[in-house]
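Each structure below is given as structure tokens.
Both of the next two complexes hold chain A, though its partner changes from chain B to chain C.
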Partner chain A sequence: MVIRMERLKHGLKLYCHYVSISIKSMMQYKTSFFLTALGQFLVSFNVFLGIHFMFLRFHTVNGFTYSEVLLCFSIVLLEFSVAEMIARGFDTFSQMVRTGSFDTILVRPRNEILQVLGSKFELTRIGRMLQATIVFLYAVLHCNVGWNFAKVMTVIFMIVGGTAVFSGLFTVYAAFCFFTLDGLEFMNVFTDGAREFGKYPIGIYGKKMLLFTTFVIPYALVQYYPLLYLTNRTDDVINILIPLCAVFFLIPCYAFWKFGVRHYKSSGS
Partner chain B sequence: MITMENVCKSYKVAKRNAGFKAACKAFFHREYEIINALSDVSFTINDGEMVGYIGPNGAGKSSTIKILSGILTPDSGTVLVDGRIPYQDRINHVSNIGVVFGQRSQLWWDVPVIDSFELLRDIYSIPGNLYKNNVEELTELLGLQELLRSPARQLSLGQRMRCEIAASLIHSPKILFLDEPTIGLDAVSKIAVREFIKKQNELHGTTVILTTHDMQDIEALSKRIILVGKGKILLDGSLEEIKKGNANIDETVAELYRSFEI
Partner chain C sequence: MRKYLAFFRLRFTMGLQYRTAAIAGMTTQFAWGFMQIMIYKAFYETQPDAFPMTFSATTSYIWLQQAFLALFDAWMMETEIFDSILNGNIAYELCRPIRIYNMWFSRSLANRISRAALRCLPILLIAVFLPYPYGISAPVSVIHFMLFSMTLVLGLLVTVAFCMLIYGLTFLTISPQGLRIMFTSMVELFAGAVIPLPFFPEKVQKIMEILPFAAMQNVALRIYSGSMSATEMEKAVLLQVIWLIILTSGGSLLCRYAEKKITVQGG
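Take a look at the complex of A and B:
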């Protein structure tokens, strides 16, 4: 156990070192950094406006009020942007596999995922993160949740679980590259798509969708069920802990990744 | 000690004719060809040896290096490096080897070389003292004083290669794999790199396996050569055995290639 903790500590330290190198690299290209961050901010601002204008016409969606939907959306956005910051390095992973630069990762005595993510830390996503935080604070102040300790914990668990779900999806996305040698755009349906339709509580999409997002890709665990608790639609305290279950989603994702690594073929020369 | 016994590795390569029409056809129906990169390769390399691994393009040199460094998994056969199976015990294995891919940079592109070295120190968990000594030694032997503070992308090829080699030795590995380390270097850099590798072997007893097309590399560095062609080992012996009298090394090797029809 102690050795394990020691290894974890060392891994974290190494990740931070990787991140500092990434930041140093990005600072070499100042303009690009600011423009990308601004772009990210504006893109998600659009989504926010979309919700805003819709609620100017309709006042509730399936019984959820404007501020409740906003809370839901802001939490999903926050989960997504944290996951993106950590795991979006996988976005350019297909290039790494195709050109064979994944070789360099394999000849170093560290976990491959740690190295891939470390080498492509996305600080530019800070724009989206900022956006998410602002919307989140706004939603927290304006919805009638009646905050108490349990509810604060629920939100924290939602963010932890949601970050895990999105990170897992990014990992699966990357593992596909070992077989297709190319990124699969269709995977974006599950990542970017989930962020988009995650604006609204998943329950409104119907029963089948709810089942799918409970047992296959566990969005509902980090969004719908805890939201019911936050908005006082249920008193069942199990809903506080449900989001944490979503963390188990990482296990099959990691297994799939390992399976992919074994199929890595490198490139010529 | 490195042993390879009856190792086979094959790739599936997609083939198509040139042109847009052929590309469309291949999109729906792809023709594959199985290429045997390695068939039944066996050899043993002892500690402290310097071995030149030569052969024409596509002979299977890089595949061998990749299997030995744990990147690729062979289809069949056994591979043991210091008692470990590289592709199964990857993390323990790679902390004891150094690899230089001549065609591929291992340094971080946009930051000064010394930053890359420091990250490598953390990756390999090199103790502070050892790291300091190694950097000092490598800096002196490879003449890196002026280079360490420049970003890798602004170095010339020769300068970068010297830094790459230093980076691969920073954790004092017992075995060093060099995949075309002198590719594209000018005469001065080539000689510097060769001298350094030689010295490394003498000072630390590092086992060196080197693939190259530059026969002067082989002549300067290795007593033993292994010749591969079409995935098979055709010859394993000393340079003197192959050389006829005072013939030029390039001609000798060209003659060899012709005699084996590779």
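Take a look at the complex of A and C:
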């Protein structure tokens, strides 16, 4: 046990070192950094404007008001951008497989996920996070949530659970590269698509979609159910803890990754 | 003219090679269209009287948009062109006895058409067989369909002409990233890729419809579903032609100016 803790501590230290190198190298190209961050901001700003203009015309959608939808939109965006910041190394993983540089990772005496994640820490996602935070603050001020300790915890659990779900999906995306050598574009439906369409409470997409997002890919656990609690549609306290269950989604994702690593055949030179 | 046709043919056949990419893209677009329709359905069910066009017109709009995404997608600029400006390969192209503007124009056109050709049919076919308000309905009349085809081509030309303007500006600034991000986000919103223009408030919509962005996908997709009146259509087509002339002449002037000023990068 003590040895385990020691290794974990060491791993964390190593990861922090990776991150600091990544940030330092990015800061060598400051203009590029700010422009990319700006781009991230603008892309999600369009999504926000889309919601804004829709609600100038419609007052509610399925009973959800403008500020409630914004609350939902900003939390999903925050979950996604945190996950993307950490797990960006998985996003560009296909290059690592194709060029064969994954070999160098395998021969090092450290966990391979740690190294892949450390290879790229994407600070530019801060543009998206900034937007999510601003919209979140606006929504908080205009929503009748009635904040208390339980609700603050719900939001924190949502962000933790959501980051886990998206990170899990990035892991699966990367693990597919072991078999196809290239990133599979259809996986974008589950990552970018979830970010794009998670802007509205999943309930509006109908029963079947809700079932799918509860039991297959647990988006609803980190978005719809806790949101019902936040917006006082239900008093059931189980909704506070539901988002944490989504963390279990990482288990099958991790297993798939391990399966992929075992099937890895070196390519490239 | 013949050399530009040759460029077009070359790029077109090259584009047709990427079939797996096309299948992956198609599934993504199909899922996208499907989800989009669910959103509009939810809004429609909550407040049907606030809908600016009929529900089936909206679904037709969405399916056509997904099917012809490659024609109008603002993100789909040619990285090769940006790269050639950045790494200096542009020097080879400047040596050739051709107009850079025309060559890039035919090349972008071919790329977009070949991509769309691979992707549009399956999406349209599936959309046609979806049950009534969710699928794509038949065009309102034969005239509407003919106008749709015409404005689709005009819209494509305007889109490419606009991208050419950005390539031209890249000559002058070297770093294309900032310009590219600004313009593509603008195109997305103002062309009706985020939400169709009729869903904007009336005053905003009035201004948007005069801008060149509205001359891209907006006209064709709305004519097909019959959500434009005869006078509106006349005005829209006229604006498309005017913008096409302004953008192409502006773009080729810019290119000529840039060609004289150019410093070749890299070694």
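Going forward, the second predicted complex is superposed on the first by the 264 of 269 C-alpha atoms of A that agree within 3 Å, B and C clash if a C-alpha of one lies under 4 Å from a C-alpha of the other, contacts with A are read in each partner's own complex, and residues count from 1 in each chain.
By our rule, contacts are C-beta pairs under 8 Å (C-beta built on N, C-alpha and C of every residue); 3 or more make two chains touch, one makes a residue touch a chain.
Computed from a prediction, not measured in an experiment: that's the story for all the values here.
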(request) Please tell me, clash or fit, for chain B and chain C sharing chain A in the overlay. (result) fit
(message) Looking at A:Lys265, would you say it contacts chain B, chain C, both, or neither? Reply first, second, both or neither.
(response) first
(message) By residue count, which of the two partners contacts chain A more extensively, chain B or chain C?
(response) C
(request) Would you check which partner chain A:Ser32 touches, where first means chain B only, second means chain C only, and both and neither mean what they say? (result) second
(message) I'd like to know which partner A:His10 touches here: chain B for first, chain C for second, both or neither.
(response) first
(request) Could you say whether A:Thr104 touches chain B, chain C, both of them, or neither, answering first, second, both or neither? (result) first
(message) For A:Val2 in the superposed arrangement: first (chain B), second (chain C), both or neither?
(response) neither
(message) One more residue to check, A:Phe197. First (chain B), second (chain C), both or neither?
(response) second
(request) Could you tell me if A:Leu141 is touching chain B, chain C, both of them or neither one (first, second, both, neither)? (result) neither
(request) Please work out how little space separates the C-alpha atoms of chain B and chain C at their nearest point after superposition, in whole Å. (result) 7
(request) Name, in rising order, each residue of chain B that touches chain A in their complex. (result) 11, 62, 66, 69-73, 90-92, 94-95, 97, 99, 101, 103-104, 106, 108-111, 115-116, 118-119, 122-125, 151, 179-180
(message) Quick check on the complex: what are the chain A residues that touch chain C?
(response) 31-32, 35-36, 38-39, 42-43, 45-47, 49-50, 53-54, 56-63, 184-186, 188-189, 193, 196-197, 200, 204-206, 209
(message) Per the contact definition, I'd like the list of chain A residues that touch chain B in the complex.
(response) 10, 13-14, 17-18, 21, 24-25, 28-29, 100-101, 103-104, 106-111, 115, 119, 262, 264-266, 268-269
(message) So in the complex, the part of chain C that touches chain A is made up of which residues?
(response) 21, 24-25, 27-28, 31-32, 35, 38-39, 42-43, 45-47, 50, 52, 175, 177-178, 181-182, 185, 188-189, 194-195, 199-201, 204
